[in-house]
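Each of the next two complexes has subunit A plus one other chain: subunit B in the first, subunit C in the second.
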Partner chain A sequence: MEQNNLKETLLRISGVNPRKCMKCGKCSGTCPSYDEMEYHPHEFVSMVENGETEKLMASPSLYRCLTCFACVERCPRGVQPAKLIEAVRLAVIRQQGMNHLKPDQLPDMLDEDMPQQALVSAMRKFAK
Partner chain B sequence: MQRIGVFVCWCGSNIAATVDVKAVAEALGKEPGVVYFEDYQYMCSEEGQTKLQNAIRDYKLTGAVVCSCSPRMHEATFRKAAAKAGVNSFMVEIANIREQCSWIHKNKEEATEKAIILGRAAIAKVHLNAPLTAGESPVTKRALVIGGGIAGIQTALDIADAGFEVDIVEKKPTIGGKMSQIDKTFPTLDCAACILTPKMVEVAQNEKIRIFSYSEVDKVQGFVGNFSVSIRRKARFVDEVKCTGCGLCTEKCPQKKVPNEFNLGLDQRRAIYIPFAQAVPKVATIDPDYCTMLKTGKCGVCSKICTAGAIDYKQKDSFIEEKYGAIVVATGFNPIELNKYDEFAYSQSPDVITSLEFERITNAAGPTGGTLLRPSDGEHPKKIVFVQCVGSREDGSGCGKTYCSKICCMYTAKHAMLTREKYPDTEVYVFYIDVRTPGKSFDEFYRRAVEEYGVHYIKGMVGKVIPQGKKLMVRASDLIDRKQLLIDADLVVLAAAIEPDKSARPLATMLTASMDTNDFFTEAHPKLRPVESPTAGIFLSGCCQGPKDIPETVSQASACAAKVIGLLCRDKLTGNPCVAHSDELMCNGCSTCEKVCPYGAITYQDKEFRMPDRTMRTRRVASVNPAVCQGCGACTVACPSGAMDLHGFSNSQIMAEVDAICK
Partner chain C sequence: MVFSYYPGCTLRTRAKELDEKARKCAEALGITLEEIPDWQCCGGCYPVASDEIATRLSAVRALMAAKSEERPLVTLCSACHNVLKRTRHDLQTDETFRDRVNRYMGNDPVYAGEGEVIHFLEMLRDKVGFDTIRAAVKNPLTGRRIAAYYGCLLLRPSGVMAFDDPENPTVIEDFIRALGAESVAWSMRNECCGSYMALEDKGIVERKSGSVLANAKAQGADTVITACPLCLYNLQKFGGQDLPVVYFTELLYEALGL
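And then the complex of A and B:
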């Protein structure tokens, strides 16, 4: 995916506006996984804004985020860094072509016992 | 038929670059009643005004239309010029072809067409204009100052110095405000009490100043020069005249467990109290929420002890009615509540305090006698973390404020520096997002805290404070060293955002003064009229208008006094003749206009009318007080019978303008 497009996609699926960030570092100051991370919550925000998404996608930091939402809760500017991290994770899954589903497979898979939630979440990871 | 002159201004290239001014002048010259037209580079210049005046004389003009900038800029200029040449001011109309035309259009043809239309509307109005004369009203030579902080004190002293009487209404038992609670003051570190108390005494001794402490404004009526205000004097259950302020009662009262608000609840006071030793007026006050006598009728210790016989358990709220020419708002600020900031553990640990609490703990007259001790166990804190911007600079979706509170960077530097000076063995950390220190000798002050006193300034924010045993574990980021820190602090001090006093909004409603969304009073012009409210006769002093430190507060307070003195010096005020009036024959007395009038200018009268059948009948009709009416026009729109009309902006004038535009 092209850099600019990727940035736009990340912003769209996360709903985050990185320009609201004032670089106070409260998110990283509260993050319980800080020491395990190469890039920290506030850096996710600025790196996405600066288009350095590839570095983020290659970093194991992605999987150190516990999605505990402490940063989302405490950010004074309402930036929601955890949602951006989740968006980058999704981008990785989509990029690697790890789609579990194609839309036309769906009808065959419908099963009364299968929770609808499973289908929905599988579809969420689906990239066109 | 009017004889109208049309003057089209170029405003340099501001108008002329987008509007064909010659074409506009010529087109408007063809309108009925226009006997003269002209275009000129700068109509507002001496030369331009002379052109207007000459044309009035040479062509016997009865009215004029100036096509130029917004009437807010130069309507007064052109009206004054016309009046000098013998044409009533209100026969001059402005067509705004700059803000509403040349500045917002790119296409010259379209802009020119629009300018002609705007000019045509103004001409149509002038045809229906009639000369108006403004009425006059006297000025009551006394000022009211609401709020007795340093802002109110300074304004009152300056007004009194000029020889006018001033009343201060202060809701607390004493004047002094927040400055009486703080210890030393940046940037010079002089002690707040040493510079404030002399001023408080000066206020008390000044013959021109009356202090109504423990009082609040209850009702405001009237208008600039002629306000009449009702002041509620809350019952303090002590006779102010008899009380000598000896303080014996405050030592003997058996009810000892009352949280002391002056020390922000860090210690306790009695049910009868004097907030602090230098209080003005130095009069005791009984707290009815805690006094056993008032609650159960059993006790009466203070009245037995008081040799002056000042205690009066039967005292009731009383009211004073007074007239004022000007009102000054000086209601100040308060730190915000921090209960919602759970991450900083303010409600969980007594050792997490606000900066104002820190001032009390370091103040010689405070609960610890000025020794820095932890509220929880009274031990010396060896590691202190200061957190800046708590509740300031947020995005508005949470519980904080969107603005910078302005004073906290400086007072935090002050606290850090003073701590290191008095207790060099104490480690001091300050977490900041930005250090904002614009101001005379301010940045130097902050650098001294770092360079001379070794305060650790860390760029980053505290994410969480976890009380753990006797320690407060502070987790924070250090953005420059790219680290997450965990500091085992003994004391955490939060620089809480400041907000206007909660009583400010209802007060603004009473005064019909406007506020911004943060409840700070708005000024008449953010740059050019910073100490006046848009409501005539209401002035602003101190933090009620926006966050300020003491030097700024005092400057504004004196500037405000200068404006008040300017008003009180005048014997008469000329009113605005563009006021509403009702056609009594059409008025049906329905009260609709009275309800919409924001200024309370409309009353009803019973009047005798001669009916078509020659009988007399009494009818209830609306009557407008022209001195109170601000000419907003709300009533003319609301009146269901079309009886209300506005001088200078009559319904027929407005319709004529609309017709001219739609022609």
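And then the complex of A and C:
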């Protein structure tokens, strides 16, 4: 997708306005996945605004967000970074053949105690 | 009192003790939970993007089923609760979503998110009352030190969930005290367990659940309670502590002498 259209789509489906961000870093400071990520929540906000979405789309950080909504809850400006991360992830997995998690991978990931909730949640997050 | 009830996929399989004991406790407290017919899995995670329509329909159907009975809809699993409450909020506030859902489902009259969705804990607090529970306790859990684990999904986003104070919640602590036990003060009760990463990166879950349980242990808890089957699994399996993690309904069941 052409870069400007992509940005518009991401902002529309996430409902996020990156210009509200005052770069306090609280979202990344509270993120439980901070140490697991290459790009952090505050960087998603600034990089989408700056048209650097392709780097984000290629990054494993997309699959490290736990959707715990801590960044959304604690943002003093109501920017909602988790919604933008979700939108970038969708921009990837909505493309044909780009699912991050595939059903044939699942049997090796299971054990007898794992709740169904884990499966349906992961498939919803990582596959279309 | 009769309330509509949405169990969700996991309560029928891996989390039967959450479902069965909750129903028995509710009966003992004068509430019948009547399962809504033909419910479908909520999908586990609320679909965050505003153009996700079909993925929210199972939640819409559950909400409409409870509305048609004119009863509050009670949930037990934190994930189901999050999905249902947020979808209800979308129906109330997002005109495009509401319009598309109603057209697709052919609703006449239009369904706009009417009806109440409450978690079992909210039912205990707001419909039964902790004083009533305190009076119904036959085996007070005296001397027990219980840590209340909220996780993410019950509390956030607080503007939509309206469950409790998102940073300093009290409902589970009040519940623990109503059962005669001591509620442990600890700092990690609202932190994520690692969630669905349990499938593809167990290392993350070990680090997240490990720090949660280490904190509960350090504060002297003898048990951690939760409402979420995935939190329970992650904490038990990857928490790395010799510290029991059980559903809050198991504690209630024990205290009511059932």
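Just so it is clear, the second predicted complex is superposed on the first by the 95 of 128 C-alpha atoms of A that agree within 3 Å, B and C clash if a C-alpha of one lies under 4 Å from a C-alpha of the other, contacts with A are read in each partner's own complex, and residues count from 1 in each chain.
Following the convention adopted for this analysis, a residue touches a chain if its C-beta (ideal position, glycine included) is under 8 Å from a C-beta of that chain, and two chains touch if they have at least 3 such contacts.
Everything numeric here is computed off the predicted structure, so don't read it as measured data.
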Checklist entry - Where does A:28 make contact in the superposed view: on subunit B (first), on subunit C (second), on both, or on neither? => result first
Checklist entry - Is A:58 touching the first partner subunit B, the second partner subunit C, both, or neither of them? => result neither
Item to check | subunit B or subunit C, by number of subunit A residues touched | outcome: C
Checklist entry - Does subunit B (first) or subunit C (second) touch A:118, or do both, or does neither? => result second
Checklist entry - Once the shared chain is lined up, is A:70 touching subunit B (first), subunit C (second), both, or neither of them? => result both
Checklist outcome for this item: Residue overlap on subunit A between the subunit B interface and the subunit C interface 35, 70, 73
Checklist outcome for this item: So, in the complex, the side of subunit A touching subunit B is made of residues 20, 22-31, 34-35, 40, 42, 70, 73-74, 76-78
Item to check | Contact set on subunit B toward subunit A in their complex | outcome: 343, 389, 393-395, 397-398, 400, 433, 459-464, 475-479, 482, 484
Checklist entry - Touching subunit C in the complex: which residues of subunit A? => result 12-15, 32-33, 35-36, 63-64, 66-70, 72-73, 82-83, 86-87, 90, 101, 106, 109, 111, 113-122, 124-126
Item to check | Touching residues on subunit C, where the partner in the complex is subunit A | outcome: 8-10, 13-15, 41, 43-45, 47-51, 55, 77, 79, 152, 155-158, 166-167, 191-192, 194-201, 204, 207-208, 228-230, 232-233, 236-237
